[in-house]
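Read from first to last, the chains carry the letters A, B, C and D; within each, the first residue is number 1.
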Amino acid sequence: MSIVALLHGPDRPGIVAKVAGWIHDRGGNVLHADQHLDREEDVFFQRVEWDVAEGGAPESEAGQFVSMARDELGMRTRVALADECPSVVLMVSKAGHCFHDLILRWKAGELRGEIAGVVSNHPDLREATEAYGLPFHHVPFEKETKPDAEAAQLAFIRGKGAGLVVLARYMQVLSEKFLAEVDCPVINIHHSFLPSFAGAKPYHQAYRRGVKIIGATAHFATPDLDEGPIICQDVTRVSHRNDVENLVAKGRDLEKIVLATAVRWQLENRILVYKNKTVVFD
Amino acid sequence: MSIVALLHGPDRPGIVAKVAGWIHDRGGNVLHADQHLDREEDVFFQRVEWDVAEGGAPESEAGQFVSMARDELGMRTRVALADECPSVVLMVSKAGHCFHDLILRWKAGELRGEIAGVVSNHPDLREATEAYGLPFHHVPFEKETKPDAEAAQLAFIRGKGAGLVVLARYMQVLSEKFLAEVDCPVINIHHSFLPSFAGAKPYHQAYRRGVKIIGATAHFATPDLDEGPIICQDVTRVSHRNDVENLVAKGRDLEKIVLATAVRWQLENRILVYKNKTVVFD
Amino acid sequence: MSIVALLHGPDRPGIVAKVAGWIHDRGGNVLHADQHLDREEDVFFQRVEWDVAEGGAPESEAGQFVSMARDELGMRTRVALADECPSVVLMVSKAGHCFHDLILRWKAGELRGEIAGVVSNHPDLREATEAYGLPFHHVPFEKETKPDAEAAQLAFIRGKGAGLVVLARYMQVLSEKFLAEVDCPVINIHHSFLPSFAGAKPYHQAYRRGVKIIGATAHFATPDLDEGPIICQDVTRVSHRNDVENLVAKGRDLEKIVLATAVRWQLENRILVYKNKTVVFD
Amino acid sequence: MSIVALLHGPDRPGIVAKVAGWIHDRGGNVLHADQHLDREEDVFFQRVEWDVAEGGAPESEAGQFVSMARDELGMRTRVALADECPSVVLMVSKAGHCFHDLILRWKAGELRGEIAGVVSNHPDLREATEAYGLPFHHVPFEKETKPDAEAAQLAFIRGKGAGLVVLARYMQVLSEKFLAEVDCPVINIHHSFLPSFAGAKPYHQAYRRGVKIIGATAHFATPDLDEGPIICQDVTRVSHRNDVENLVAKGRDLEKIVLATAVRWQLENRILVYKNKTVVFD
């Protein structure tokens, strides 16, 4: 049974030696270790994955590791056991490309975790969701009923015990209150190469500006729209021959791959957030 | 002897037939033809290159083509003869990577035209310029003396009969007056993926935002800083491991290739500008 | 109603003028035209798409165009009417990623044509096929029964009136007889950057060679295995950290996009084959 | 003063802890550490860079590290001091693009090491070499005089104390004898995406096969032509519009960047070779 730990905190000499020594001394075996030092901020980051000694108790080891890292190294640590299988809730609107892509990858074994349900403000993807054997929670709303709708969404998400919410082309802005209460990371896909073309209709904006390359960006949702920490981006070339509809079509392939990559990294505990940026131990 | 014509104007039926027929009837032979229809604006664009009939007078043919296109098709046309060799002036500051790259490509025969001289507000590249056998015009200035300096720059550019000015990492903003008077296209390289990170220190901006991809953009200079029509863009991946210095180094390779590509296209008469966008017949 | 024509034949002066003039004289309106001259072989290629005059008979116009191009220009021409909707048959084995990808794109309106059925030598994708509302034809075989199996496959394909067969990770070699009799193009996806790593287990070959980039290739199937005309290729970076399983996973995304692109181009009549190479009017 | 060590050997538990602990116990400070485990071969690889304790003797520390790694961990280790500046010899023929690119990068401070001279079988680049202030050694030869020529080349290389030889589009095959005697790594740039199109005229081969992407490959030269361990590759898209001359021009940009990247990695001690593959700690 293996443990993954993600640490970060002020740099000091000997962290690598201490971590590796602690694991080795307790009979553990390091499978992967990757670290990063932000020299500007003098912050140390590490992802370490190790097998617990034969007969060891992984949960107890993980807890003791967190205590050691805090008390002896001044590090904040997140740990996960390899057999944890976090519950994932998708939020969607009408577009189905990211929705199908994530569910098919999950069914093919490309993604860890367990997709537990789908929330939508539109009924369009109900049939497809149910054909995949998943619960579909339709929460339509108007501007005035948004607070109630968000409460219903949160209730569904909590009911599924979600460890991750994925906005798979969910076309509404989440309120600050929702983000404060959801109590798990929320990953969004924005259909532009951020920070270019934040906000509405990014492909139309890109077309008007006459850019020669378009992109997609997966990021953690924060109260500042499209301003959260960027996890993954990808781009593709376009030309004067491509109208807005072409950009939308080309963009769909980017969105699928970028969002699936970000979700996979998150479920494999590869992402640390610091100062509105991400460290991705890929 | 061949002619290149770049046409654009309101779409109407039969333009392709008319142009091809006109050339064919006069004994010409079409070498390349490429067209584009902007359906939103209903504007037709064409680049056509043809060999004039044996014994024909290319300059006269070119002139008659322009008249025909205007009178019979309502098109604005720019023509160039294949043996034209426009004079090019480079404007630089301290950084030499685009400067060396353009001159070496020109000497290797990769670029048409004739690099006729280098203008700089710093003396750093004098020796290298002169080693290439080119005149170097050093025009240092302060804020107050900028108008005089720009007059001196314009005099040099006019003296060389420049058909193109290339800002090869020239780190000053050109005044509206300069751009109005220079009387030839001015191509700039901006070291970001526009419209992200316009203005000063784009790599620092990119680092702070935590983007996962950086880029470079070649565009025509206009009075709106970094807002001119985009000609060419390219990008490369970065990660949390890359500090600002790394971004700068990775960016240099992008800048060289993007600027050289834009300059080559311009010298081969492949670019039409319309509504702050470019049509590039590559 | 519009017509697409794909022409090729020995170059001669005036082809563009003749084609454009013929269409214009009959009241047609050219929507797109793109041409290519292979200077080494002196062969001219063109794709032209036009609206027939109000009240015209597209089928008759198309037929007359083919005659004109043959008799007056010496060109071989393939024509298609815009409302044609060719029937497509997928051949699969066990892997479902290209299968799902093509069907979902088709259902989302990204692909022309009509997927008419799925043939497989394994039963694995039966349930998914039928959930999509498509007929699934399971034709298992051993080495000795391959001729009979291919006859059954051909009967199914003919019964669907297929205008295109897509090998969506079908893991068997088609016999020369099958390819001679199928009477429509067959597009295959090979999971390497051809000509590297033709044949079996290309990701294992790539891993052993230690390449830093892997790819996928869509090509027309011919009797020479993996030697047919290449339609589309794409690549992605890998490193020493990627084991064979990682290469397979990364490759799946390439395979989906490359195969879907090739199928889309074929269904939009954008591909001309000449001397085991393709001209793609994208 | 910092030290870089590159280790590899059979995996065993506790290597990371031992290495980090050894450095820490002697007052050193780890700057970077990166490791890789080849699970198929059970071989462990590590690159570690550390600052020696104030007042420490780097050369002695480096030597003791090698002994410790051998005796206590069974690892083979290569060490380098941060202020080492290996001498580099370029071998060229007629083409100058990689030659200029490497020398300009080196002069701009992008490459460590010291370019000490240029050997060529043609006189073409003599003037440019000398303008850069570098010695040019012209060693022309015929098939019969190749052994003597190689002896002269080796004498020049040894005379410069070369720690790296770079074949910057040197268009001759080096003999097995030369490679056995040169006693330092030799990096070559091959102008194709290996293993496709090994041998002569790869752009012609690529053109004939009709590939849609071309590439360049930097690899260590070994007696098996174009079969040595691959260090770096890059690719670019081409189409039916590109003739061989276009491929050659597009390829030059790839060759420059790929070769410069490989040379930079080698000079920064980032490359480990194992079983004809490379581990690159980028």
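The rule is short, and it goes like this: a residue touches a chain if its C-beta (ideal position, glycine included) is under 8 Å from a C-beta of that chain, and two chains touch if they have at least 3 such contacts.
As the structure is a computational prediction, the values presented were derived from the model and not from experiment.
Chain pairs B-C and B-D differ in how many C-beta pairs are in contact, and the one with more is B-C. Of all chains, C has its CA centroid at the greatest distance from the CA centroid of chain D.
Each chain gets a centre from the mean of its Cα atoms; for chain A and chain B, those two points are 41 Å apart. With each centre defined as the average position of its C-alpha atoms, the distance from chain B to chain D rounds to 36 Å.
Contacts with at least two other chains are made by no residue of chain C. Those residues of chain D that touch chain B in the complex are listed here as 96-97, 100, 104, 108, 110, 131, 249, 252-253, 257. On the chain A side of its complex with chain B, the touching residues are 36, 38-40, 45, 193-197, 209-213, 215, 229-235, 239-241, 243, 276-280, 282. Across the interface of their complex, chain C is touched by residues 13-14, 16-17, 20-21, 23-24, 29-35, 37 of chain B.
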